[in-house]
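I have a structure I would like to understand better, so I am pasting it below and will then ask my questions one at a time.
Here the chain labels run A, B, C, D, E and F in written order, and each chain numbers its own residues starting at 1.
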Amino acid sequence: MSDMRADYILKLLEKDERLDGRKLDQFREISIEKNIIATAEGSAKVKLGKTEVIVGVKMNFGEPFPDMPDAGVLRTEAELMPMAHPDFTSGPPGEDATEIARVIDRGIRESESIDVEKLCITKGEKVWSVFVDFYPINHDGNLIDAGSLAAIVALKNTRIPELDKEGKIDREKLKNPLPVMHFPLMITVGKVGNKMIIDPTFEEEQVLDSKLSIAVTEEGKVVAMQKSGSVGLTDDDVDNMIDIAVKKSKELRKLIEDGKKTSK
Amino acid sequence: MMKTDEKMIVKGKRLDGRKPDDLRKIEMEVGVIPNADGSSKVSFGKTTAIVAVYGPRSLFPRHLQESESGIIQFKYDMATFSVDDRKRPGPSRRETEISKVARLAIEPVLFLKNYPKTTVDVFVEILQADGSTRVTAINAASLALADAGVPMRDLVVGLSGGKVDDTLILDLCGKEDNYSDADVPMAFLPNKNEITLLQMDGRLTPEETKQIIRNILHAGKEIYKKQVETLKRKYSE
Amino acid sequence: MSDMRADYILKLLEKDERLDGRKLDQFREISIEKNIIATAEGSAKVKLGKTEVIVGVKMNFGEPFPDMPDAGVLRTEAELMPMAHPDFTSGPPGEDATEIARVIDRGIRESESIDVEKLCITKGEKVWSVFVDFYPINHDGNLIDAGSLAAIVALKNTRIPELDKEGKIDREKLKNPLPVMHFPLMITVGKVGNKMIIDPTFEEEQVLDSKLSIAVTEEGKVVAMQKSGSVGLTDDDVDNMIDIAVKKSKELRKLIEDGKKTSK
Amino acid sequence: MMKTDEKMIVKGKRLDGRKPDDLRKIEMEVGVIPNADGSSKVSFGKTTAIVAVYGPRSLFPRHLQESESGIIQFKYDMATFSVDDRKRPGPSRRETEISKVARLAIEPVLFLKNYPKTTVDVFVEILQADGSTRVTAINAASLALADAGVPMRDLVVGLSGGKVDDTLILDLCGKEDNYSDADVPMAFLPNKNEITLLQMDGRLTPEETKQIIRNILHAGKEIYKKQVETLKRKYSE
Amino acid sequence: MSDMRADYILKLLEKDERLDGRKLDQFREISIEKNIIATAEGSAKVKLGKTEVIVGVKMNFGEPFPDMPDAGVLRTEAELMPMAHPDFTSGPPGEDATEIARVIDRGIRESESIDVEKLCITKGEKVWSVFVDFYPINHDGNLIDAGSLAAIVALKNTRIPELDKEGKIDREKLKNPLPVMHFPLMITVGKVGNKMIIDPTFEEEQVLDSKLSIAVTEEGKVVAMQKSGSVGLTDDDVDNMIDIAVKKSKELRKLIEDGKKTSK
Amino acid sequence: MMKTDEKMIVKGKRLDGRKPDDLRKIEMEVGVIPNADGSSKVSFGKTTAIVAVYGPRSLFPRHLQESESGIIQFKYDMATFSVDDRKRPGPSRRETEISKVARLAIEPVLFLKNYPKTTVDVFVEILQADGSTRVTAINAASLALADAGVPMRDLVVGLSGGKVDDTLILDLCGKEDNYSDADVPMAFLPNKNEITLLQMDGRLTPEETKQIIRNILHAGKEIYKKQVETLKRKYSE
């Protein structure tokens, strides 16, 4: 992005305006589609404006961790497919992909969204492994919020396959839903100068000083946070960002429940 | 090819009710990825490929040595959740081979020599796999290249043929692929009568092989029409 | 190769002549040696003119695929050793090595050469894994035909090791032959201009428009095909190439049976 | 977070006898690696990090493209024997993430723009891991950079807070980390009031979260003093 | 290192002098600390002058080798951490790290230091795997001697964890010592011109023609040798080097037993 | 070293009937790989190595920095089928170490300083492994380099010695290697009296060690003669 373009975006933000006409604390148009991948046990596509991501969930046999012998295992992976942005390149997941996967994972894991103890098949030996795979299709900013939302929606509509007489997975028979107990929402608040914005576009992300991603549960509890960007935040900034995230998570939750795409 | 007692064709109908020469429902769309210079999404039944094209764009210095002509880079990737048992991320040997043959299937329509020191990058993601993934990917790549405005001397059509239960069929689904007597994925330039991808697995007489190729060329015309319509639809919007 | 050299080869071909004096549809001198690797359960060395390749077969324990619980497993791998050509470099198998391995593999697998159901040890648990490893020693063109021939010859003289009392593999006791039911031959037909040639040298491969590799069984059935090269073929070209492959496979089969090295 | 029946706090005391706001015994030392331009060793209880800093030194040509400004490279590595079950060599996903967030925690104090075409390399080795490894590493990196004489506009202090058995605590040990209700690793610049690393795992009310951040900022002052003393001790020797 | 510096070192050596004032056959100050890593089952830090290395030992479950079904398994790995020297870079172990790990390993393995048959848990199935991991902290020459010494000291103070009722490793209960039967010492002798030196510094290593690392047991037996450097040695050189190694190993052994740091 | 109840020497004879100082049947051939600048195939009993030499040839740019002098690159690789249980492709730690020590065994005979910015590439493939593979490889490399016409100030001879059943032996086969009391692979320049590779595994008195080295130097002369003959045979053809 040219310096001129960056300056222009910054000047707009100073006036509480954004390139796409949104308010500072307004989401882009949101679209959520469930069960879009016939070969997955659960899946979702989420669009935030031009950002589009897909999450697919696969249920495989796995081994439990030694210290939790009767709990299923959740594993989130992300690849920043070169398809989604001209700057992304092929190859094994790098620092950014790894961070995204781990932050999405944390939001789900720490909210205890999934009742992993219902995923035990044979204690200490065989459990369900829940693979949550994140694929960005078009990256126009805020991949973490889009990916976290797609992940929890995909998990929410995941069905556990039945086992046949020989104990093999029969993926044609998807029966019980995955026990998803909580539905946390990730809200990333960006800061530039003394302005706070939500749901930044790719261009906005280039001019932000810092971001704080905050996962909030139904009851308004914080279950995960991750600061990024190379400028520090004051404690007051953080307070402010948490308050914004809690508030906007309620709004987003209502939008989703009402099946609406936009807030004012 | 694996074996099964299940009949693949019963009373002239295939597992999903198709007649031997029927194709599955084909859906095509372009312009699905705003960041890309060109993009598309193509489904043959439950097989779905999404493709982004970036370029022609500059090659990184380390590749410049080999580039009197421009080059095409083609990456065929299956999403982990596109198959029954989760595929491990990273290219398998199968995906590596398909990336190569699909690149060679596309290359003949491009004028790469006119774009020295550049690369056209084609990224394929198979979102759902139910047979015939590589030819679905090639149709999608053809559309995405056209959508990107990359000069092409023809479109590229992909279609698979094969044989099950002593019957020559077209557009194999996953189960037919697994239990077929033969599987022939093919790509060709519909206006040039040039076959640019041809592979075969199975067991056929020479005559059957030739017949399948003819059948694909014939039925592929419809796919070509669909590609043209899809592109027109976009530009008339 | 210089342009001048390429032109010269092309001009010769226009006159139905080749650098080494062969006819367009003539093989180079063929040499086949069996059982050349004492440490392998089966092996072969094949020379086509100056092209020389080795295939070794190892029999190890393996697990069956879930959908074929009583079948042994065949795995073909190829490394394009930097020894064999100045252009080859060290490192994990690339696109070309992977393609060669997979095409050789397909010729064997699709012809159902090996009766994999005789390779079951314990249903669903333990089967014989047949590793077919391809090493080019000197690359002067047509690695696929040479490698396919070496692979099927090596398999044909593979002996399955006995198991000792404790169920371990005793490689000093090689008893039953590997059940090889078919003996497919791979014939690669090259096209340049309107000429078709077989068994191309390395230099000829540089000037070819396209190649079609076709594996043919004893009864003249086609069991595998792979087009390579970046120029298209017409359907008539393909017909023609299949006919050539079927015809030349018979000739090659006779040469091998008679233990002869050259055809006229 | 895992579950346990074991109480983490009994009669106001933590497993190791600490009160909720107590830090473990902190040891700091600089100049421990003669070859390095700067180095340090820091322990928080049984957690021990050793750090070497090399640079600013020239970047290899292949990186030069990205370097109008200088860069910082940060490698966080856990020794195979630093944990109960031997860690496999090579970076895990966790280590990759920490290398990134720790780099971002340090970067704001450096004047990288003044050192174009150079890199400051920070190598962290966790020798013993008993919770709070990343913040221990950040304290050690702060000291090693100062020891190297790299200009800094502040030191960087790292400290973790969290919640166990309904009590807000500081400086989590490994067991507290495993069974805590929440874990908040944080780094900040003590003289600038800037938080440069902030992560959180667990379940807290917004108020608790804010309170833990305040507690860390408060208690971190002591760590800052220790850093300053450690550096003074060296230069007065 | 500049040519001038190299020349200076060489001229000193011609006069039987060294930069740091040592005699040619004199060790640097030696410091050995045991049990320095609380999370390891055994560990040691060794300093030779400014060279500092750490070795940690972890005991995990492993599978025995098929030809030694009732023997535990020893595995030595080394990473040349970029922390220890400006020339070291990140990445998987290269040629030098691999050589160091294998030479340290050989000294221990070939002296039969460890009674591996006491490490069997279930014959043919489960044994103790002894991982010896070598980390150089500061490289000022002679990593092999420092690393070998740290390795054997670490093994000597390794305790085997108990197994709990469910057969799991309980690392809080370290009971029996690892059965270490021998205590070999590695002595590397360097040659430059017609001079032999021991315990070379990093700078001295740059000017050496060749080195011979020799592991010697308590009874003065040779259990491992490794030549390095790209100049040949005569048989007389080798004789001489072996004699030096045997003699200096006795001296080093005494130093260690007496807990002293320096010899005259 | 593993243990066995089997005697390695019975009535003065080894497992394969040899006397302690006997070498196995040695076969040498040069010019076996037409594409290579030099090549060879060498067998010691059932151990067989084939070697190709390419160069001196230009180094790729990325290596140029380190090349005031020319360099030698040496790759020792065991074919997957050269051992009882299939070896996995790709370099093992053992192969990595041997590539290094074998390179150092060869380097002293080359005049690399005369060939700046070039590399001599030596590629070894072990086709059959029955002990003494690295010394077989070194003999083959010596021949292939001479066959390539690379200037050498001596040939390089490789031979292993060792001890089994209290007897000093030469040229260990695989079983002797596995169950020996000691194994000493060695390479030397026969006309220069320079030992360029020396490794040892096992348990020997200093005197035994010295004696084995002498025995190798003595018996190696025959290998040297064979190398010379092999080269003469080719050039007299």
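Note that contacts are C-beta pairs under 8 Å (C-beta built on N, C-alpha and C of every residue); 3 or more make two chains touch, one makes a residue touch a chain.
These figures come from a predicted structure and were not determined experimentally.
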| item | value |
| --- | --- |
| Chains in simultaneous contact with chain A and chain E | D |
| Graph separation of chain A and chain F (steps between touching chains) | 3 |
| Centroid distance [mean C-alpha coordinates] between chain E and chain C, Å | 49 |
| Centre-to-centre distance between chain F and chain B (centres being mean Cα positions), rounded to whole Å | 51 |
| For chain C paired with chain D, centre-to-centre distance based on mean C-alpha positions, whole Å | 58 |
| Gap in Å, rounded to a whole number, between the CA centres of chain C and chain B | 27 |
| Residues of chain C whose C-beta touches two or more other chains | 93 |
| Residues of chain B whose C-beta touches two or more other chains | none |
| Graph class of chain-chain contacts, one of line, ring, star, complete, other | ring |
| Traversal of the chain ring from chain D via chain E | D, E, F, C, B, A |
| Parts of chain B lying in touch with chain A, wherever the complex brings them together | 32-36, 46, 50-52, 54, 57, 75, 77, 79-86, 89-90, 121, 123, 125, 127-130 |
| Chain E residues within the chain D interface of the complex | 37-40, 43, 50, 52, 54, 56-58, 60, 77, 79, 81-86, 90, 92-93, 131, 133, 135, 137-140, 169, 171 |
| Sites on chain F touched by chain E in the complex | 1-2, 93-94, 96-97, 99-101, 104, 107-108, 184, 188-189, 192-206, 209-210, 213-214, 217 |
| Footprint of chain D on chain A - complex, ascending | 67-68, 94-96, 98-99, 101-102, 106, 110-112, 212, 217, 220-235, 237-239, 242-243, 246 |
